[in-house]
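All remarks here apply to the structure that follows.
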Amino acid sequence: MDNSLGKLFTMTSFGESHGRCVGAVIDGCPAGLAITEADIQKELDRRRPGGGVAATERSEADRVEIISGVFNDRTTGAPICMVVWNEDVVSTDYEKIRFLPRPGQADYTAFMKYGGFNDYRGGGRFSGRITATMVMAGAIARKLLAILGVEIVAHTVAIGGVTAEAKSLDEIRKNRVKNPLWCADPKASREMLGLIEAVKKEGDSLGGVIEGVALNVPVGLGEPLFATLDGELARAMLAIPAVKGVEFGSGFATASKKGSENNDPFTLKDGRIATASNNAGGILGGLSNGMPVVLRVAVKPTPSISKSQPTVNIKDMAPATVTVKGRHDVCIVPRAVVVVESMMALTLCDLALRAGLIPRIIA
Amino acid sequence: MDNSLGKLFTMTSFGESHGRCVGAVIDGCPAGLAITEADIQKELDRRRPGGGVAATERSEADRVEIISGVFNDRTTGAPICMVVWNEDVVSTDYEKIRFLPRPGQADYTAFMKYGGFNDYRGGGRFSGRITATMVMAGAIARKLLAILGVEIVAHTVAIGGVTAEAKSLDEIRKNRVKNPLWCADPKASREMLGLIEAVKKEGDSLGGVIEGVALNVPVGLGEPLFATLDGELARAMLAIPAVKGVEFGSGFATASKKGSENNDPFTLKDGRIATASNNAGGILGGLSNGMPVVLRVAVKPTPSISKSQPTVNIKDMAPATVTVKGRHDVCIVPRAVVVVESMMALTLCDLALRAGLIPRIIA
Amino acid sequence: MDNSLGKLFTMTSFGESHGRCVGAVIDGCPAGLAITEADIQKELDRRRPGGGVAATERSEADRVEIISGVFNDRTTGAPICMVVWNEDVVSTDYEKIRFLPRPGQADYTAFMKYGGFNDYRGGGRFSGRITATMVMAGAIARKLLAILGVEIVAHTVAIGGVTAEAKSLDEIRKNRVKNPLWCADPKASREMLGLIEAVKKEGDSLGGVIEGVALNVPVGLGEPLFATLDGELARAMLAIPAVKGVEFGSGFATASKKGSENNDPFTLKDGRIATASNNAGGILGGLSNGMPVVLRVAVKPTPSISKSQPTVNIKDMAPATVTVKGRHDVCIVPRAVVVVESMMALTLCDLALRAGLIPRIIA
Amino acid sequence: MDNSLGKLFTMTSFGESHGRCVGAVIDGCPAGLAITEADIQKELDRRRPGGGVAATERSEADRVEIISGVFNDRTTGAPICMVVWNEDVVSTDYEKIRFLPRPGQADYTAFMKYGGFNDYRGGGRFSGRITATMVMAGAIARKLLAILGVEIVAHTVAIGGVTAEAKSLDEIRKNRVKNPLWCADPKASREMLGLIEAVKKEGDSLGGVIEGVALNVPVGLGEPLFATLDGELARAMLAIPAVKGVEFGSGFATASKKGSENNDPFTLKDGRIATASNNAGGILGGLSNGMPVVLRVAVKPTPSISKSQPTVNIKDMAPATVTVKGRHDVCIVPRAVVVVESMMALTLCDLALRAGLIPRIIA
C-alpha cells in the first residue's frame, strides 16, 4: 500500500468503507492558512448523493472533523488530520458474498494481494467512499491555490454515450450547478437523466467522461522528466476508482492530426505570451504554459449492478454467480466531479510548492 | 526537475540532446543479474531511425557504455550508470531560433521555468533524444522481469488516422517486426507508410497511437491508493515526450458502455481464475488481475515541421515566425514503440520489487 | 514539516500536546499481522510517568484507539490509524509566556519557522507528548520484527553524571524492570533516584544516556550509501526531542583507539560467522553484521525548569525573564527508554522490508 | 541500495573503487548558478592525500568532468552528472583475499547482502574512494549556500587520543590550512603528526574526531518531525565510511549537565535574537536557531592495517588470517574533513530549498 501523495504537500489517506472512519492527513501545508471545518464540509457535501435517480441511497451526514494541525482557525504548519466517522453501515450484505468476487470490482485482486485479510465489507479500502478522503484533502489544497488565483472547475461531458456540447467557461460555471449531474449542457443533461432512470430500472449502470479545467495556473508548474504536470495529474486521476483513461487538451484526437493543425501558435495577448489555440491543454514539455490546463477522464460504469453475474468462488474454486445487493449508484460520474477537482488541486498544490510559488507562511 | 523514477528500482536520467551525453543510473537493482552492454544495445538499436521515410537523418551509432555497477557481466547491487556519448551534433541551427519558441515544443515553458539558462540546443533536456535514457534503463528492467516470465510487447495501432485492425498476440509478435512502423497489420502499415511519405513532402508531421501489452504479470502488482498499477503506468507514459493521453483496457470506450457490458466475468481457466473478457486491461482496483495489462497512448504529431509558424520573440516580446530546420521525424510513433515498452518495464519492475516478488539476489 | 518516516513501512505522526489528540498512521504494514489495542497500550503504558520523583504529574490515561487498518484483530494491508485523545489539558499557563521563548525549547525556532501560527500550547507539535505517536507506531513494528526473532531492549546507562556499570544482556533484561528508571545497575539506579530527588528540589533538571540494543538482527540490513543502518537509526534517534548525540558500538571512544584494538576479528560461533568483540556495534559498512546492534543516545536535561531564565520578548524585542510553571519531568530519560526502542523498531522494520526479509502477507 | 540523498536537492552517487569511475548526479539544482569544473576540482583536491605520513600513496589526479547539466558555465536546471575516471588501479592484491573478509571492513556484510556478486576489489562500493562523489556534489551545494551567506568550516579536533584545544573561529579558519591535518591547534597537530608517524611504523592505524561548523545558517532550517536539521545531518555524517558517532553542540557532555547549565539563554545581539551560549549547537526542536550549527563526528581508526588479523574464510567456513597489503591511510581523518563539510553542505542545501530560502532561478 502506498497511501501518500505529493512530495512537499503530502496527503495520506486512511479508513475503510465499513470501518470506523475515513480520514486524511495533510503534511507540508504552509502555516497561517485560514481553514475551518466548514470549508471542507462544503466540498464534501458536493460529493454526497444529490443526483436524484443517479444517487446512492446511503444517507450519512459525512461531517468532517479536523483533529490536528489547525489552531485558531489557521493552519499551524503541523500535519492536519481530518476524519469523517462512518455511521450508516450495514455490513451483513457483504458477508454472503465474501468469497464471490464481484466482476469489475477489486474484490479478487485485493483478496490475492492481502491474502484474504483485507476488509472486504463494502469494498473496504477499495470503496468509492475512499474518495471522501481525497475531497477533504483537496479542500485544503484549493484554499492554498486560491492564493495564486488558481481556480479549478470540472464538469460532466458525457454519460452513457450522451455527450454534452462544448460550452464557454462562463457557461460551464453557470450551468453545471443547475442540474444534479454537474453538466454544463442543459439539453444533454436532461437526456442523461432520462438514460440514468431507464438504466436504473434495468438494474444496470452507466459510465461517462468528466472534464477538469484549471485556470490561472502559473507558467512552469511540473518537474520533468518524471514529475511532469501531466504525469502527476494522470497518476492522481487514476487513483480515483473507476477511472480508466485520461487525456490532456486534444488528447486522443491529436493522434489523427497533422503537426500544422495541432501546434498551438504563440501569440501576444494583453502583453503576455499565450497560444492562439489550446490543443496542448495548457501543458508543453510537462510544464504548464499559462493557458487553461484541460484534462478529461473516462469513468467506467459502476461495476455494482443488480443483475446476476458469473464469478468464481475463491474458496471452492468453483464457478458461481453473484448478485450485488447493497445500495449503489447507477452512475457515479456526477459525484466524481468534485473528486476530479480535488485530485487536480492536490497535484497542482504540490507542484506549486515544489516550484517555489507558494510561501511557507501565509501572512 | 525530478529526474528519478521508481521507489525501489530507481532510474535517474541525465544528459542533453546536444551536450556531451545522455545517460541513466539504475539504483536498487538486485545483485547477480546477468547483463552486458549488448543487452542494452539491442533495445537502443530499436529506437534508432530504421523507419525509412519516417526516420530522422541523425546518424549516431548510440553505443552504450556501462560505467558502474556491473562486474564480471553481473549486477553487483551497486548503482548502474550507463552513458551514450553524443557525437553527431550540429547546434548552430538552434542559435538562430533561441528566442523564437517553436509551437508545440517545450522551448517557451523551459525558458520561463529555467530563466533562459536551459540548454536550448536541440530541445536540450526536452528533446526526444532523452528517451534513449529510458530505453537503456528499461533494458535492465526487462531482464529482471524476465525472471518472472513477464513479456512486454508494444505496437503501432494508428498513425495519422489510419488504424490497424485488431490482431491476436501471436500475429502482433510476428507481424510487427516485418515493417519499419512496428505495426501488426500489414495492410494498415502500408497505408501508413504512404501517408508518411506524402506528409513528408508537405513538410508536415503525423501522430498516432501505440498499444503496449504486458503478459504474465503476477496478480497483485500495484500499491493503492496512490501508486496503483495504472496510475504509475500513466505517469510513466506521460514522461514520454509527445504523449497526450493514456487509457487502459477499453479505456475511453468504457464510458459509453453499461456495467453489464463492461464488467469482465470471472471464470476458471486451467484451474486458475481468469476473466472471460478483458475490458479492464488487466487492472482492477489499481492492482494487476493476472490478465494481460493493456494500455494505449496517444502520440501527438511531431511539433517540429518545416512550415513557417507564428510565434513570439521572447526577447523583444514581438510577433515573429519560426521555421524549424534541423533533422526531424515526420512521425516518431515507430521509434516510440520501444520507449513505451521500456517505461512499462521500469514501472512493472519497481512494483514487482515493492510487492516482494523479485529476490534481492538473483542466483 | 516532514512527519513521515520510512520508505516501505511508513509512519506518519500527527497531533499536538494540547490539541484534540496525538496519533499516527502506519502505511505499508503487511496484511495478516495479529494486532490489538492492548498490544499498543502495553508499550504506551511504559511511556507513562511511573518514575516516582522523576515523573510528570500529568495524569492522562492515554488510551489508544485503532481507527483503521485492522479488521478481526489482524492488519488488512490498509493504513493503520491510531489515536490517543488528549484529556487533561490546562493551556492557560502557556498564554502568559506566548511571546517569551523558553531557553532550550523549540518556542523561538517554531515561532520563526511558522510565523507565529504554530500551536504554542505546551510546546504544541514540539512537545515530548509527540513521542506517544512514536511508541504507538513502534508497537506495530515490534510485532512485525518478532516474526524475524528480533528483540529490542533499551535501558538507562547514565543520569546526571551517574553512570551504570556494564551488565550482561540477561541482567539488563532482568534488572531494568525493577526500578522506575529502566536502569540495569541497581546501585547506580538508587544513586540516580537520589540525585533526581535533590535536583527536583532545586527546581532544576537532569539529562542522561540511554543504550538501545537490537538482538537477532539478520545480516545485511541497511541500504548504503544513504540509507545505512546506522544513518537511518541516527536520524530516527534525533527525531526524539532532547537527543543531542548518537553513537554506535564503541562510538566516540573508538576515536582514541588503534585499528588493531578496534577491529573486531571474525570468528566461527556455532558454525556461523561472528565477531569476537563488538566495537562495531553490529554494523559494518552501514549493514548489520549479525551481532547485536548497539547504540547510545545523549539526552539533554529537560529544558523546562522552575528557575527564572533570561529570554527575549519576541513581540517587543526586549529582554525579559521567563519562569516555566506547568508540570514537567525532572528527568525524561526513563520515559524515553521505550521511545528509543520504538524508533529502533520502526527503523529496523522498514529496512527489513526493504531487504525483502518480511513477507507481504503474514500467514 | 539507496544511493540518493536529499528531497529537493538530490545527489545520486555511483561508481566503485576499482571500476571505471566514481561519479554523482545532482538533481534539483536551481538554474543559473555559475559553476565550473575548477570549482569542483578545488574541493576534490582537498580530499587528495596531502597529509605527508598520513597519506595514502594512491596517486590519481582525480580530475572531475561535468558531463551534463551545465551550459555556458551555468547550471541549466537539468541534472548535473560529474565523473572522475579511475586510473591508477591495481586490483590483483584483492583477488587473494576475496573470501577472507577484513575485520572492520564491509567485506563480510557486503558479501552476504549481495550474494558475493559485489565488486570486492578495493572495497568496491564501500571504499573510502566513494567519498569523492560526496565532495563533487558538495561543491555544488556550497556554491548554492554561498548565496545565503552560509559558510562551512570543518577541522580535526582529535587524532588517536591527542585533542586540540578549542580555538576561536578566526583561528580555526587561519590555522587549519597550515598543517596537513586540518587541525586548528598547531601544538596538537605536531603531536598528532608524530603519533601518526609512530603508528605507521607499527603497521597500525588511528581514528579521531572532526568538528564541523556552519555559519550564517538562517533560522528555521529543518523539517520536523523526521527531517530535523540534526537528524538529516546525522544520517549524512553516518554515510561517511568509518564514522561511528555524531553529536551536536555540547552533545554527550550535555547528559551530565543540569538544565540550568545547559539551557542557552536568549539575548539580543545587534537587534536580533541570539543565545548567550551555544550548548544547543545551533539547533532547537530540530530547527536551526541562527547560531552556528556545530557537530562532531567520531572517526574510527582505518580498518586496513598491515598486521595479520584473524578472520574466517567465507568459502570454506574455516578460521584463517588476513594481511592487508595495498596502499592505505594510517589515519583518514584529515582527508575526511572536506567530506564532512561536503555532507553538511548537501544537507543544508536540501533543507534550505525545502524551506523556500533558495530561489529556483539564480539571476
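As written, the chain order gives the labels A, B, C and D, with residue 1 at the start of each chain.
Basically, contacts are C-beta pairs under 8 Å (C-beta built on N, C-alpha and C of every residue); 3 or more make two chains touch, one makes a residue touch a chain.
What you see is a predicted model, and the numbers here were worked out from it, not measured in a lab.
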item	value
Any chain in contact with chain A as well as chain B	C, D
Pair exhibiting more inter-chain C-beta contacts, C-D or B-D	C-D
Longest centre-to-centre distance from chain A, chain (CA-based)	D
Centroid distance [mean C-alpha coordinates] between chain D and chain B, Å	39
Centre-to-centre distance between chain C and chain B (centres being mean Cα positions), rounded to whole Å	46
Centre-of-Cα separation between chain D and chain C, whole angstrom	27
Touching two or more other chains - residue numbers and ranges from chain B	1-4, 7, 13, 113, 125, 354-355, 360
In the complex with chain A, residue positions of chain D that touch it	7-8, 354-356, 359-360
Sites on chain B touched by chain D in the complex	1-4, 10, 12-16, 19-23, 25, 27-28, 31-32, 67-69, 71, 74-81, 83, 113-115, 117-119, 124-125, 360-361, 363
Chain C residues within the chain D interface of the complex	1-5, 7, 13, 101, 103-106, 108-110, 112-113, 125-126, 130, 158, 160-161, 199, 202, 204-209, 219-220, 222-228, 230-232, 234-239, 241, 244-268, 271, 273, 275-276, 279-281, 284-289, 298-305, 307, 309-312, 314, 317-319, 354-355
